[in-house]
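Next come two complexes built around subunit A: one with subunit B, the other with subunit C.
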Partner chain A sequence: MAYYLGLVQLIGIHTLLGLSAYILMLTGQLSLGQAGFFAIGAYSAGILTVIFQLPILPALFIGALIAAFFAFLVGFPALRVKGLMLVVATIAFSEFVRLFFFNLSWRVPRGDIVVGPDSTNGFREIRYFVANGWSAWEITAFVWVFVVLVMALLWWSDRSRTGSVLRAVGEDELAAQSVGVNLTAVKVAAMTAGGFIAGIGGGLYAHTATYVDHLTFTVLLATFAIAYPILGGLSSVFGTLVAVIFIQGVLVEGLRFLGDWRNIVFGLMIIAAMNLKPSGLFDAPTARILKRAIGLDERGKTGA
Partner chain B sequence: MGDFWFEFVDITQIVGDGLLFGATYALIGIGFSLIFGAMGKLNMTYAAASLAGAYVGLAAFTFVDAPALAVFLVSALASGLIGFVVYVACFRFIPINNHLAALMASVGALFFVDEIIIHTTDGSPLTFPAMFDYVMLELGPYGVRGDLLFVFAVCIISTVGLLYVLYRSRLGLATRAVSQQDVAARLCGIDVHRTNAVTFVLAGLLGGIAGAMTAAAVGVLSPLITIPLTVKGLIVTVIGGLGSIPGAIAAGLLVGGLENVFLYFRGVNERDMYVLLLLFVFLVFRPHGIFGSAINRD
Partner chain C sequence: MLELRGLSKHFGGVKALDGLDLTVDEGEIFGLIGPNGSGKSTTINVICGVYGQTAGTVRFRGELMDGQPPHRRLRAGIARTFQNIRLFPNLTVWQNLWVAQNSHQDIARQGFLPRWLGTTRQTRKEIAGLLELADLGHKGDDLAANLAFGEQRRLEFARAAAARPKLLLLDEPAAGMSRVEIDDLSRRIRRVRESGVTVLLVEHVMELVMGVTERIAVLNFGNRIAFGTPSEVQHNQAVQEAYLGSSSPEPRPAGRKS
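Our next item is the complex of A and B:
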């Protein structure tokens, strides 16, 4: 049971990671830096609960703020230029963060042991949940409160002016600009929000895993982050959730019998998916067909 | 006075070695730039494919005992072939204006190539034959490593060869036409898909040489090089100005030289961090790169 709860926690955390890329992708931008923001959130929140002994909520919040700050810092120069520049800047940033934590050693004595990030050996002892006697159920519920909150917030904002502005920039920058949308401001705002969400996800990850090291936050993780919304399509936040459940729940667990070959299949599947469905597996037409099939879309019934 | 002199010699020696090694970064940067120039897209698989080419060359050396120069030839051909396959798999059938899908597909191919390498080698580093590493030229207080000089020379020869193809052949004319205005090129009867495929193969050939050069200069081939080489290649491309070949050369040498300075002052663990910071310095102060045009083509 504990194993499945762990999987449910992981799905929740990866949904946050995917949503952090999703909000930026609404504006038509692709970031390979989500792993970096995730890492900043993870290490910051971990350091705050372990070294500064803050409770979990303020630690998560401050960690997410730090991640958002760096997202702003990276996004601002990169987004002024052009779309592909952001890909390069964020992949460089992600590697920079990884190398930074690879080098970071900040050990403090706590009781009879020494705790804190220990460069290559990673950051162990993030044992807030254990120390405070949280059960696996409580931890899972805690993670999913954040997932539901973020999804609700994004779902709601998608139906407000914010969502229209984001999607307008993503659909046609020139048209958006000509109706008075400040492109850089919108993209940087989306980037910052994405950094915040990834930061929360990272903080939760560090505390559920109790151990992080620099190898957790590679370009592969950043690829997962953008693979979820690409696979799930950008028509709604639920696409990302479905994609995470599909990849983490079905593929990663289901393909376990393939052993090491699983990662090769992962690369091939991305290529195949992009060739067959360039705008995502659950793109707008597919979503409409699905909705019609399960009777959610009223237009399909009355319109014909 | 003496101390200062020795330090000065040390640092210039280090910068010189770095400049010579930077030629490999320049080649990788040129490859990214060629493809970006032709299609306006990033081929994230490029550096991994270059190293994969070097692995094939190494296999030729190990199993058939191929002579040193043939190793480079085999590397280049293998990488050119991989370039073609990557074009067909990740770019040919994806809509021209869908940048994200093509980028994502090539990231998928990057992991695919990387995993194949890890599987066939069990993830352990392999020794790569060095060329002329017994040669050491003495220039006053300086020593020039033979293997690095060889790397530099091959890089110059291949760059000149590429420029010749680009500017003195019908093929190059077609490539440049497509990169300037693909609609106009199509109206003139140029087969855009064929030209793009040729660009990928050309870039691949160059990449194979660069991959083998990197391996020869470092002395080992390891899957651990893939991502750093990809990132450095991309940084060189951006610093040089997206799509600019002279820019990629200048930026490659700059990154190579500075990298060694960072190595000297801060050690191997922190070296790459400063190279990455260099990108942000350029993004803030010179976002269009050294030779990039100020046109915002997305």
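Our next item is the complex of A and C:
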């Protein structure tokens, strides 16, 4: 059971990571910096509960704010580059963050042990949940409260004018500018929001795993972050969730029995998924079929 | 209203605009014509702030626009359409118009609320009016990408009007249109003007330009070669030469056709 709950927690956390890239992708920005913001959130929240002994909620919130602040700073130079150049620049940022934590050593005595990030040995004592006697169920529910909140917020904003403005920038920057959209404000705001979401995900990750080191936050993690919304499609936040379940649940965990063959099948299934559903696993037609199934689509009823 | 003085835009060695002077008065429909590559689209792009000029000034309602980014110029009252239609294809027609309402006072309050909750009656009325202007009343919920070519052109026109502009720059709005559609377009342009908008029309289709404009400037090689009412311009020697070649063409090299 613990194994499955752990998987459900991981899916929740990776959904947050994927959504942080999703909101950027709406504005047409492809960022491999999400692993960096995730790492900042993880280490910050961990340091706050372990060294400063804050409760989990303020620690997560402050950690996410710190990640958002760095995302805000990255947002400005990122305005000047697009496409592949932005990918390269954000990889550089992720690696910079990773190497910072690789070197960070901040050990302080708490009780009878010494705690804190210990450079190459990692940050081992993030035991807030254990120390406070949370059960696996409670931790899982806690993680998913954030996932549901963030998804609801993004789903809501997609129905607002803000959502249309974000998508307008992603579709055609020149046209968006010409109808009066302030590109700088929109792109930096999306980057900041993405940093905040990745920061929450990182903080949750650190506390569910109880241990982080720099190797957790490599470019591979950043690749996963953008793979989810790409595979899931940008038509809705549910696409990212479906893609995380598909990749983490079906491919990574479900194919474990294949041993070394797993990676080959993994690659093949990603290729198959992208060919069969080029506009995302959860694209507009899929959404319509689901809506019709539960009787929400009026157009389906009238047969138009 | 709009005043261009000594406006130049050079791309490397190419002088797309070379010292252009132009004044558009409030409330008129002003035509800007000229052969391909004469600098018409560049003029629009410089007025909107998509390109910075190499030299010269752009004044709008007495205010210097130099260095202002495009979104500020829009909020000052300059809206435009594009030569090759640039809609937001995966937004609905309604959303395309909603996004464009950036010069509105109450728009900030609507930012984070869904359409049914956040839009004021004023907004809904205005968008309904724009849909009617574009003859797209029944297609508000269609994706812009799914519209026919003519409908996309009309939507782009309405989207530019959605910003409540004081000056509307139309970059070849009649390209690819049938005669009926062109008549329709000139009615639409007049209607927008009657609501108090000044129009600068860049166009190749002479039927439209000659029918709808009050004054015309003719560009060639980035400079103004003629200026006046439609009929004056039509009979101008320099204009005829620019379009048709000079009356004593150089002899073609022998043995080669056109």
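Methods note: the second predicted complex is superposed on the first by the 253 of 304 C-alpha atoms of A that agree within 3 Å, B and C clash if a C-alpha of one lies under 4 Å from a C-alpha of the other, contacts with A are read in each partner's own complex, and residues count from 1 in each chain.
In this text, contacts are C-beta pairs under 8 Å (C-beta built on N, C-alpha and C of every residue); 3 or more make two chains touch, one makes a residue touch a chain.
Just so it is clear, the structure is predicted and the values come from calculations on it, not from any experiment.
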### Query
A:253 contacts which: subunit B (first), subunit C (second), both, neither?
neither
### Task
Examine A:138 and indicate which partner it touches, taking first as subunit B and second as subunit C; both and neither are also allowed.
neither
### Query
Thinking of the overlay built on chain A, is A:78 touched by subunit B (first), by subunit C (second), by both, or by neither?
first
### Task
Identify the partner contact of A:275: answer first if only subunit B is touched, second if only subunit C is, both if each is, neither if none is.
first
### Message
By residue count, which of the two partners contacts subunit A more extensively, subunit B or subunit C?
### Response
B
### Query
Counting only touches as set out at the top, which of subunit B and subunit C does A:180 meet: first, second, both, neither?
second
### Message
Which partner chains sit in contact with A:267 here, subunit B, subunit C, both or neither? Use first/second/both/neither.
### Response
first
### Query
Inside the complex, what are the residues of subunit B that reach subunit A?
36, 41-42, 89-90, 93-95, 98-105, 107-116, 119, 227-228, 230-231, 234-235, 237-238, 242, 269-270, 272-273, 276-277, 279-280, 283-284, 287-288, 296-298
### Summary
Note: in the complex, subunit A contacts subunit C through residues 156-157, 159-162, 164-165, 167-168, 171-172, 174-183
### Complex contacts: residues of subunit C adjacent to subunit A
48, 50, 69-71, 74-75, 79-80, 82, 86-91, 95-96, 98-100, 102-103, 107, 110-115, 118, 159-160, 162-163
### Residues on subunit A engaged by subunit B in the complex (per definition of touch)
25, 28, 30, 32, 74, 77-78, 80-85, 87-89, 91-93, 95-96, 99-100, 102-103, 173, 218-220, 223, 226-227, 230, 260-261, 263-264, 266-271, 274-275, 278-279
